[in-house]
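Could you have a look at this structure, given as structure tokens, before my questions?
Should a chain be cited, it is by its letter among A, B, C and D, assigned in written order, with residues numbered from 1 in that chain.
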């Protein structure tokens, strides 16, 4: 689907800004994979390789004050929304100084106070939460604010997806729900996940606006998300964005993804959005190849330096933890009898 | 005279009028005023702050969580406690874990019209307090009096932690009080509902009243039974329970929810562990039977503990 | 939507057969309402007045061996599927001889062994159950069988609706899902329940066939359900049928339904399908008015006689109940310590 | 050597081969063989009887219920026990109530990969046995050995009642046995995992092995601790527990799930009520801490009971 007429063009500067964020995410995730193989990571590693263009396009169009609830494969969107290499590594390497203090990890990190929500694992669950946050903003009289969250093709089958999107539609909330259809939910192919011709067909059943995008194409992603987020911001209600792509990596780093159909890998959805974006930059003469290489080096340097720093940071100390699930710590009981 | 139900309505009215962060969300809570009329006229009184949700428990709780993160104080109503199973995941895995995981508290109140009434049947009668108390991070309140229904609901709204508010449907209409309380015990504090010396009954919710009736019956035989109303089943006020058992030496726990892992089991486990020396005889529990709640009134009245079965159990306890 | 060309006509005999079942349901429910007011009923009373045409059209096209999971307002469909005035009254009046033996009541009655499922209250929950039953039949090599269940406009907002219909669509199961859009879920109007233009718009998002029907019109209902059930039976996969109508009674007998918009009552959806059917029978000369009156009298006689009989039956005896939730009764524990 | 995980796979293979009513349904259980490979190669071996479900826990359980009504014997896998909250309603309100309500049993097996592993975190570590045991109508199995993983899963499939099968992920790979058992104890029977005389530890699941290790440690000090492996937490074999406490007079309950209303509380409540006179000192319990399960290995290893904390608790019990 080409960028619509009315849309202003995606400029080279826009494109490069997004590309550099994708690059940091890509380089960082490559490092995470190698740290995983080296046994240096606490917990599981689930990467977003191949999904950077779609993901970054969400984060990059959000403003401070907006709400963003990223999911498993949104490292690029997270970077665009303001997460850092440092916070990422602190979480994966189990530093006490990370935003989750060792209590939760990795893709579950967030800073809810800053509009950056910390996903729970149960897929779909963030959708009503973002809807509720937007409802709260409306009740407080704030406008022009949006909330975005992402979900996979598998996640569209959850009751939470349905209930959350429907409730947001009834309230006409400025929710952007981005479906990254990467063809598989773990090993389960689309054919075993849903029976509609295209996940976009769901939009009409909720009475929300639908947008389709080739998610390997950064320009399309940027333009589509700009349009969708703009429409939500302007009061157009929920926007369902469906992007087609392929997960270019296993479900997690423990998985070789051998079940992925080779025909899909060879098809247009199997293209690498980072490579495509780099080729585009060079072919449009927005920057020379050497500049792209330099950006990658810079990213690598930042990532490596941060790894070195974080590895020297202490892990959480169980003796220091107050082991309280309540914010009113006097409610914590210690089940003595010991 | 103010009913237990009206106290709940008035508490919500007060919360709405005093705190702009409060809003009400749930099925039919708007113009209709709720299936039990616990939100009657509030939509009119507080325009735009009391509104109907779709038939989506999971989304209702999930939205409350999001709103709470943004600093609001949502009160959500489940039409019956039993339907909270459909919002269970958001309660136990999102609301309950948020503070521990992120340091951001989740001040939501989930109102659960709870417990059995005649003819309610398996899906409109459940007492789910033990279920929610098992999960870390949830305060579980079970008010047994009109005063507590009012005072504790206001406390629940003021708390930063998520509160499961188990209001008992059996008490809605026929429990009445002269007026609203000026004050309320602190959150988590139990109340000595009746002083005694011969045995302690620990109970909560509608079972308080069955227990009080049983105590009257036993008093005719000269037994003075002390009754502790837990008020909040998580946290549990173990000290007040132990102090009572120290006086009486005998413990009967009475709970309307199912026995396995219920409030009664938890209380007996605490007292046995922490107050073993205080017990003169084996502690006893009396719960609903371990089956779904039957719909037929004749079955139902045998399924849950009643004044009669409580008095019977207490007599056995007293005669050991 | 008129009956499609290819459909054979609904004959007078078909129509009358359906009408008489509707009439029994209507008369029986009128009796239930008066018994409720007299305090003779155990538990709640939720009636299907105004929904008989749609409901009966489901039950009437099912065969022995098919699966039927009726919902709240399906007295007419139940009668068509083979439920009886006797079983109905035994349940409502709390007779021990009813199919639920006092353990569950009223709209929750069923005989699952006969394909007549006993709904749980949690709306949406029967959808995956029927899907699973159909899966079981397929696994056992049975074909030509269908399963039907109903849901309200409110029930479409449940996660169970979404997950169940989607899973059925993925398996291409012969499920007929009938949505009775009676404009309200308890007091909640459509506008607060969903944002799509029509609930039929959901079909495409699940990849299932959709059918729309004016549910006050018995002929249309019969023709549409015949078509939908036939399509499912022939291997066409799940069929979503959406009927528009109005609940002509309170949500339950405790409710006066005063929130119902008078404009809706006066509009086409507010017409009484039983009256319309009777008028049609007379105007088509399928039977004279006197015959219709006689049918009503016969229904009244059956209902009244059955009430008299059932009122003399014993209720369940708590002493006789084994109070066992397990079919392996040795697993029942009695939490002694007493 | 056969691992605990392989025993589960082999039990399913045997069930599929011996009973045509058995089928497997769950996320990724088909060609992929399941997230943990508990169904590896079964889809190929039993064409059309092992298949992938959409990401829909509620539908998965609901479909199993419908299939069971029609006489099949579905085994469904939740990818992690923690995700069963999304199918909670179908489990507790449909499967668990069906027999009581209608007289038609509901022979489904819900496999829950349960319990903590290093780095699992709040949503991939939960022990949900107490939750399901609270509801009437569910058999809750918690096999702790390779032999039981195999034998009990076959029993679960043969049972007419719904079974929540809590298989412990911590035991999947490193618990091994020489071969498969010829026989298995009856459903609901506990096992004396270690004879002793000084104290009784009642436990289940992965905690059995921590407890056994603790017992070895204590044996070095001359204490002989008896260990009861519950095997099934609903029903609970109270007789075997009481017989052990009768021998030792001291009781420590060790459970990985949360304390409030957990297995340990239920066991202590039973023993206190039914075997009060057998107890020489106050019974004790040791559970996971009452917070979500932390993801960092250093926090996690303190969150749940371990051989060390069990030995410590037992020493205190022995020294009272």
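To be clear about the criterion, a residue touches a chain if its C-beta (ideal position, glycine included) is under 8 Å from a C-beta of that chain, and two chains touch if they have at least 3 such contacts.
The model shown is predicted, which means the values in this text are computed figures rather than measured ones.
Q: Suppose chain centres are the mean of their C-alpha atoms. Which chain sits farthest from chain C?
A: A
Q: Just curious, how far off is chain C from chain A if you go by their C-alpha centres, in Å?
A: Using C-alpha averages as centres, the distance is 44 Å.
Q: Distance from the CA centroid of chain B to that of chain C, rounded to the nearest Å?
A: 35
Q: Approximately how many whole Å separate the CA-defined centres of chain A and chain B?
A: 40
Q: I need the residues of chain B touching at least two other chains; which ones are they?
A: 53-54, 56, 58-59, 82, 85-86, 89, 93, 96-97, 100-101, 122-123, 136-137, 234, 260, 273-274, 282-285, 289-292
Q: Using the touch definition from the top, which residues of chain C touch two or more other chains?
A: Only 100, 103-104, 108, 120-122, 157-160, 163, 166-167, 170, 192-194, 324-325, 332-333, 337 qualify.
Q: Work through the pairs of chains, note which ones touch, and then classify the graph as line, ring, star, complete or other.
A: Its topology is that of a complete graph.
Q: What residues of chain B sit close enough to touch chain C in their complex?
A: For chain B paired with chain C, touching residues are 27-28, 30-32, 35, 51-56, 58-59, 79, 82-83, 85-86, 119-124, 259-260, 282-287, 289-292, 294-299, 301-303, 313, 316.
Q: Please name which positions on chain C make contact with chain A in the complex.
A: Of all residues in chain C, those touching chain A are 157-163, 166-167, 169-170, 172, 191-197, 201-208, 237.
Q: Which part of chain B faces chain A closely enough to touch in the complex?
A: Interface residues on the chain B side: 23, 48-49, 53-54, 56-72, 74, 89-90, 93-94, 96-105, 136-137, 139, 159-161, 187-188, 234-236, 238, 270, 273-274.
Q: For chain D, which residues count as touching chain B in their complex?
A: The touching residues are 82, 85-86, 88-89, 92-93, 96-97, 100-101, 122-123, 130-131, 133-137, 234, 257-258, 260-266, 268-269, 271-274, 276-277, 279, 281-285, 289-292.
Q: Taking the touch rule as given, give the residues of chain C at its contact with chain D in the complex, in rising order.
A: 67, 99-101, 103-104, 108, 110-113, 117-118, 120-122, 125, 127-137, 139-140, 159-160, 163-164, 166-167, 170, 324-328, 330-333, 336-337
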